[in-house]
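First chain A sits with chain B, and in the next complex the same chain sits with chain C.
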Partner chain A sequence: MKQAVEHSNLELVELRIPARPEWVALARLAVATVANRVHFSLEEIEDVKLAAAEACAAVIQHDRHGEFIDLTCEALENALRVRVRDSGRQGVAVAAGAPMNFDEARIAGLGIFLIRTLMDEVTYDVNPQAGTDLFMVKRLAGATDN
Partner chain B sequence: MHERDEARRDRERTRALFARFIERRRRAEAPEKPDPEHERLRDELVVVHLNLVRFLAVRFANRGEPLDDLVQVGTVGLLKAIDRFELERGVEFTTYATPTIVGEIKRYFRDKGWAVKVPRRLQELNLAVNRASDKLAIALGRSPTVTELAEHLHAGEDEILEAQELGQAYNLLSLDSEVSGENDKKSQTLADTVGVADSGLELLEDRANLERAFTALTGRERVIIYLRFYESVSQTEIAKRLNVSQMHVSRLQAKALEKLRAVLVE
Partner chain C sequence: MDIKVNVREAPGDCYVVDLSGEIDVYTSPKVKDAIGELIDRGVYYLVINLEKVRYIDSTGLGVLIGGLKRVREHGGSVNLVCTNPQIKKIFDITGLVKIFGIFESEDAAMKAIA
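Up next, the complex of A and B:
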């Protein structure tokens, strides 16, 4: 997260979609388009699309999710940053409680394991009040320290 | 809350199973005789984690290989992970196994020439969408909806949209390029126009074939086919331009289509 911030934004796309499965395809397309700007290979683009879809699914599966998913995709010089946020939670009854560990909450089921495998950097924050906030980065091959 | 308890119990069960398995595995490392208990525990671990393999395989199933094959190679990855996992790593087995399973699935794609497969899959789906949409348009008397197309092609609606969008990136072939329609009529493709004239020509699928077929035509026949199907010029108009009768154009067109069909059905 820290080092990626230092790069200037080449391109930034923000998308708000209803938090419903039929809109996930649009998220996939948006991410694919931005990933293509970073010149990822087809395989990498498929991976990024898959990761984004899983992140959206994670939000949707959360039984207290909000009305929308906010997707932010940034094309950097040699990396792609994607943020998937649960939003529009006004009026959604939420139980108070301690922040949950992502795995414990099981909101993504197995999806989070897949996301971690496909992306180079994954951080997330899940709590009953603010919903899911997942941030992930994929670096261009060669730009990785491996 | 209930779900969280269940998840914790699952994890504890898995850890206990692994503890027993790893003990057996260590003993089996000096294999004088096979240890049935080691095998049994290994099998049990495989069964317990098959849903993970399946979950992952399904995610890759849209990349053009059968799901069963992916589950199979994924299971190979699972076995590798089971044989290498150590409890001291302090990570959950699922965290450890996922990259191994995904790695195995991806390697399978690479061995299968995956890099060419993706564009081909998109191309194929894109071509199928184009063909089906015109077929349905004729059947329905209107442009089909994405839902109808998805049903017709046994594909997801998102796949249809994606193929349509991304297909353009691959410069799809002239056969499916649009032929401008007369007036406000829905535009058609050359393949479909020919298909309407003779449904036996549905097999028109790729440019190479069509180009090959065109070499069988005389110059005049080619001009007629071009004007008629690419430019949507009427037979009467073509007749005027070529200074022959409309009947003659009609005969030449029929002959040209006959030739095309003969070459294409070979």
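Up next, the complex of A and C:
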């Protein structure tokens, strides 16, 4: 597992939500609140909200075995680190391999594309038994690796 | 969090779908149903007004793409009204600006259909 930014524990929020569509808004709110602590612009906050929500939506749409999504948001000095973990056998990173029809696959591809476009670093760790961990980092404009 | 959907008839066999709120994995089925019902009734020219939409994710985009795909099978079109920079940005980075007509006003979207 790649750790994109050194761990600082400056401010960390952990949230467990049911893996159901009606709870994704809460994940967005949590990410936006922590992103605000990093002093991102409103546009950057919208970016991380969308990226985190896409990760949650991918879990919900393609992981039919997990009950929860664990979201961790960490405000670092010049960056926000977000971890989205599902408890199922299929998850965010392996969505492309899940049984989907063509249209579903195309939309899932859009979600993954948005995550990769809006965030500065995206890595994932797939464990067939425990689920998928997706790590995302967004840095403040002009900031380099911490 | 919710989405409000209002459908109204416009001149020229066209319908306007006003959306207000957030379109995400939870609310997009409601939008899909509204658009699907219109198409099932034979309405193939749609203006979807996103001016009051604060947020859209890939499931929302998927609903719009699905609607466009269906109306195009009948020679129709879907024009979008979008003034929110953040929403426009999502259409830009996904390349969807190339497949949808995206307009600054409802009048412009309607004229493009006519």
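To be clear about the criterion, the second predicted complex is superposed on the first by the 109 of 146 C-alpha atoms of A that agree within 3 Å, B and C clash if a C-alpha of one lies under 4 Å from a C-alpha of the other, contacts with A are read in each partner's own complex, and residues count from 1 in each chain.
The rule is simple: contacts are C-beta pairs under 8 Å (C-beta built on N, C-alpha and C of every residue); 3 or more make two chains touch, one makes a residue touch a chain.
Please read all numbers here as calculations on a predicted model, not as lab measurements.
Visitor: Just chain B (first), just chain C (second), both, or neither: which does A:R116 touch?
Guide: So A:R116 only meets chain B here.
Visitor: Is A:E43 touching the first partner chain B, the second partner chain C, both, or neither of them?
Guide: both
Visitor: Is A:V24 touching the first partner chain B, the second partner chain C, both, or neither of them?
Guide: both
Visitor: Please work out whether A:A32 is in contact with chain B alone, chain C alone, both, or neither, and reply first, second, both or neither.
Guide: First partner only.
Visitor: Quick check on the output: what are the common chain A residues between the chain B footprint and the chain C footprint?
Guide: Overlap of chain B and chain C footprints on chain A: residues 22, 24-25, 28, 43, 46, 50, 54, 103, 106, 110, 113-114, 117-118.
Visitor: Inside the complex, what are the residues of chain A that reach chain B?
Guide: 22, 24-25, 28-29, 32, 41-43, 46, 50, 54, 100, 103-106, 109-110, 113-114, 116-118
Visitor: Using the touch rule from the top, collect the residues of chain A that touch chain C in their complex.
Guide: Its residues touching chain C are 21-22, 24-25, 28, 43, 46, 49-50, 53-54, 56-57, 60-61, 103, 106-108, 110-111, 113-114, 117-118.
Visitor: Spell out the residues on chain B that touch chain A in their complex, using ranges where they run on.
Guide: Going through chain B, the ones touching chain A are 3-4, 7-8, 52, 55-56, 59-60, 63, 92, 94-95, 98-99, 102, 106, 109, 114-115, 118-119, 157-158, 161-162, 165-166.
Visitor: In their complex, what parts of chain C are in touch with chain A?
Guide: So the residues of chain C in touch with chain A come to 1, 22, 24-26, 55, 57-59, 61-62, 65-66, 85-86, 89-90, 93-94.
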